[in-house]
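We just call them A, B, C and D in the order they show up, numbering each chain from 1.
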Amino acid sequence: MIIIMNSNATRDQIDEVEKRLIDLGFQTHPIFGEIKTVIGAIGDKRLLNTQDISNMPGVESLVPIMKPYKLAGKELKKEPTVVKVGDVEIGGKEVVIMAGPCAIENEETYIGTAIKVKESGAKILRGGAFKPRTSPYAFQGLEEDGLKIMAKARDITGLVLVTEVVDTRDVDLIASYADIIQIGARNMQNFKLLHEVGLTNKPILLKRGLAATIEEWLMAAEYIMAAGNSNIILCERGIRTYETATRNTIDISAIPLVKELSHLPIVVDPSHATGSWKYVNALSKGAVATGADGLIIEVHSDPSNALCDGPQSLRPSKFDQLVNELRPVAEAVGRSL
Amino acid sequence: MIIIMNSNATRDQIDEVEKRLIDLGFQTHPIFGEIKTVIGAIGDKRLLNTQDISNMPGVESLVPIMKPYKLAGKELKKEPTVVKVGDVEIGGKEVVIMAGPCAIENEETYIGTAIKVKESGAKILRGGAFKPRTSPYAFQGLEEDGLKIMAKARDITGLVLVTEVVDTRDVDLIASYADIIQIGARNMQNFKLLHEVGLTNKPILLKRGLAATIEEWLMAAEYIMAAGNSNIILCERGIRTYETATRNTIDISAIPLVKELSHLPIVVDPSHATGSWKYVNALSKGAVATGADGLIIEVHSDPSNALCDGPQSLRPSKFDQLVNELRPVAEAVGRSL
Amino acid sequence: MIIIMNSNATRDQIDEVEKRLIDLGFQTHPIFGEIKTVIGAIGDKRLLNTQDISNMPGVESLVPIMKPYKLAGKELKKEPTVVKVGDVEIGGKEVVIMAGPCAIENEETYIGTAIKVKESGAKILRGGAFKPRTSPYAFQGLEEDGLKIMAKARDITGLVLVTEVVDTRDVDLIASYADIIQIGARNMQNFKLLHEVGLTNKPILLKRGLAATIEEWLMAAEYIMAAGNSNIILCERGIRTYETATRNTIDISAIPLVKELSHLPIVVDPSHATGSWKYVNALSKGAVATGADGLIIEVHSDPSNALCDGPQSLRPSKFDQLVNELRPVAEAVGRSL
Amino acid sequence: MIIIMNSNATRDQIDEVEKRLIDLGFQTHPIFGEIKTVIGAIGDKRLLNTQDISNMPGVESLVPIMKPYKLAGKELKKEPTVVKVGDVEIGGKEVVIMAGPCAIENEETYIGTAIKVKESGAKILRGGAFKPRTSPYAFQGLEEDGLKIMAKARDITGLVLVTEVVDTRDVDLIASYADIIQIGARNMQNFKLLHEVGLTNKPILLKRGLAATIEEWLMAAEYIMAAGNSNIILCERGIRTYETATRNTIDISAIPLVKELSHLPIVVDPSHATGSWKYVNALSKGAVATGADGLIIEVHSDPSNALCDGPQSLRPSKFDQLVNELRPVAEAVGRSL
């Protein structure tokens, strides 16, 4: 940590800060410049509450040297994490496709869609039984009935299931059905929920928050890991920017950044990132070529009648075409699909 | 609702959309332009799932005419809501000051601070017992022990208590101690939590999400109101923008906008909005002059030793000075304090 | 155009607005809802000043139906524009690589780099002679001496030249050296400069502004086209968002959006978009797979000694590797390189 | 400057960086931590191109200690700058009101408005003769004819004139009419234009760019000052964020931040910041209470017929009311008006 003192800081203030740092267990190295003094403080004190040194008289700012996350970073674990669910591996050589409708609406449509996406090459089946909706008047999901339909779809297709949890009280219930538990963008900093899913033994698909920095996203992963669960798949799903032509702005740079900063795998959700099925094909290719470990794509057999997110859902035929077009892209960057 | 068809839409597609609208109970009014057709659809169908018309062939976009919120808007209730807690009124003529430390750390400091802010003119005492922290290694709050300290501070000072809830499982516990329940920025779209506090009879302080639009914020209020609780105080606490000189960017325009769109009172949190006590004085004055119904300000008797948000906390003496300087500003815009 | 009247609008106000629209040459179609009235106005009045109807009493808002750009859009020209410079075609089947250093620093280094990028497969040589720099104390470019060095590099390599203009007074000078004139991000809404380059017969590389919407970007193209120059290459170079882990956030969705809304070709600048050479390889592949018509990449033979943007420059060897790795990606999406 | 080496940096790489720093004239102070090494570098090297040290092998990042601006900061000049134009002082005790229409449309309306705003208490008259417009088809201003009308308005009212320059070629012309030259938001980083107005002896009203940080804004001021002109008035006019309920988001925190970082005066433009006259009254009060040295407000005698920015213009009667309501607010914070 580097402490930058402001240009008016007195010698007493500098001494006071140094003393405090030493009390906290740091080794200190003050550097006296012509205008400002800076103090280097050696020691990994992520667990201490050192931020508040920034409030001591004469302190201008603090510059952390170490990343605030430990388990999610590469310091303790350099090799990439491969999350295994059944015989599916996320983070390995294969690009993994997750697909399915936004919400489970009824058994027939859902199982029909599941069979189709399986045929096209999806390995993981998505579907929402508990839906976080912006409006209290919108369809909120079938809840446990939806989970039962998902389980039936798994029995029929052999696909691995991923579904979202939105309430700490439902974690056990969802863990009893799902193969992968999703934390949605709006709950990325619902720390109690992060802690609770960290206590399960299910892999977690952790979506990036709408306005979360990559550092905050990795800190959310750290919460889950600190509770004991290291099987985390990060999911970039678009961030909020000033541009309104798409629902969100996909931050494709997050892929190489996450690969640099963390050992966790990263997948991309082009459906939520753009809000329109028209752009899903192009962006899926872009994400895979950039290095994504997988994609999560909304597919609905009748988007015009979907109860949720119809505009961004692909029809099964378009999805099938997409998977076929993705294969050479994956191979062009040394991956399979 | 207006449906804009794209310039290549066929007559059949237009008819199909019109037919669907009529099935949904709308009256339709197509307008055929030279290049594009638009269809006006009359009827208040907020409760229906009409968004997915946007996915029908030939449809370019949908333009809602009505606001998506009903209870939080001015359609059904034009006069301003005054939230009453004991003998404190938020949304009336008086500008109400809420103050206190970020977190409750120990009884002595907390009660000491409570007495000071009361003397300076605060009417409501803030304090966190359950803290949402970005790092799993940071102080997470004293939980129920913290609530007990708050209750003791209320007994001594007579101040009204506001504290945050972060988990659906804690709502009853917190409601049994608090006078006002706070929903923090990170939980603004934790819809289950919104519903749950909507079932209590306590006023809710609803902070705006870090990247929430004003419309989404009012929709969050709608969730609480739809569950039966109409006593909501909106709280602007800064939004996330590209500017990093302050921790967040206070959106002061939210004050006149909320006054225009909603009957609910709005207060401002200059401490979180800027992240630095240095700017709290100026922005508090700005918020009151712009029309805020109140302020929520972090005050700590020893910010350098605070376990949470020290850098943005005022010392009691600075807080006292601020309240004194605020009084003429409130009077200059026809309010009292 | 649709005019939405507010719920309190009187019949007189509605009539007044209708009358004004008719005076402006529109056909009007009022639709009277239960709560609000909307008026459909038929006619393409982009050239008129209709925005100010929004200020008439009783008007809530205006919804444009037509895009504000005409020449840059697909209404008048549906087939893609292929910009030809010598025997290079931008917007055709081939993905075109532009490369070179940020600034021209001296003849030897520049020509050395030019030869290298040519060997690796670049078709267009970039280089700045007039540099827009954030600091007045930073290197501002060699000006005409730089242009002369560029011309020499062209003589030697046969590469096509692209260089930036930052002042209306320099347009003629730069047009006399350059094959393609670049408008930088900071000048995207320097309308006088747009007009001036629109009067030349050189193709224009139009970078997207740091905070420009896609619509504003196409309006900037419209400025150039309205002055008579239709040879425009759009260049996505990252937008400003709250995320600071990269210098800018590349908006990869701009590729399919521009393809949908405009006939103009689009290239991507991964160097400026991220600010770090480390991410250029991954994002170049992502951009090509998403459908970019080309890339513009910073290459410097000694980035540590570069006078400008060293951190985001590739060494020639890394650039060579990148082009080799890009080829299969281009082929995977049906392009050549 | 602090150089943070990454955790894999070799001793050789550390030595190499230290050597380079010494060559550049710095004194160096390496601090060897357990995981990372940091190097403190003493010396004010703002004029050197040190940024590219960040590209040397083993370097993770650079942390500047000194602000990049010198003349615009408080290091060399601590007392506030008061810009004097005739007998008007901006940055003194009085809050100065600038008012007038967006564009000069014709003599009669303009002079009529000028007389009105003078009567209400404005000291400075605004008006655009050269207008930067998003659309090439929108009204672009009366150019020199507009300047002549402005001069006439000055003769009649005695008001000081402020008007915008958008082209380096027009600086002399505009300087020959205007009392204060405005640099608009879109030209804040038109560095040639900044330099050119820096060569005049007219005070400059420097609007903040749509996506400019406060540091970039002060660097733009530095450009003007480096050219010799120190009479600069900063103008906050709203920044671009994800929120679309207002045209821009006024960054009110910029007021105390600028006061902390710079000696230059700062005024606020609530009309452009919100895009709607409805919010101008509230935000004007907020800006003055927060500490703004002045306001620039759009006033038009017939906003519905304005050729530019009608929706955000106040009628003279509303403006008069505003000035009257502002007076007690200014007094409440120790200013006059």
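Here, a residue touches a chain if its C-beta (ideal position, glycine included) is under 8 Å from a C-beta of that chain, and two chains touch if they have at least 3 such contacts.
Here the structure is a predicted model, which means the values were calculated and not measured.
Counted by C-beta pairs in contact, the busier of B-D and B-C is B-D.
Ranking every chain by how far its Cα centroid lies from the centroid of subunit B, the top place goes to C. Chain centres here are Cα averages; for subunit A and subunit B they lie 26 Å apart. Subunit B and subunit D have centres, each the mean of its CA atoms, that are 31 Å apart.
Chain geometry summary: the mean Cα position of subunit B and that of subunit C are 39 Å apart. In subunit C, the residues that touch at least two other chains are 211, 240-242, 244. On subunit D, the positions that touch subunit B within their shared complex are 211, 213-215, 239, 241-246, 249-253, 255-257, 259-260, 273-274, 278-279, 282-283, 285-291, 325, 328-329, 331-333.
For subunit D in complex with subunit C, the residues that touch the partner chain are 46-47, 49, 51-56, 68, 132-139, 166-169, 186-187, 189-192, 195, 210-211, 216, 219, 222-223, 226-227, 240, 277, 303-307, 310-311, 313. Residues 2, 4, 7, 29, 31-36, 38, 40, 42-44, 63, 65-66, 75, 211, 240-242, 244 of subunit B touch subunit C in their complex.
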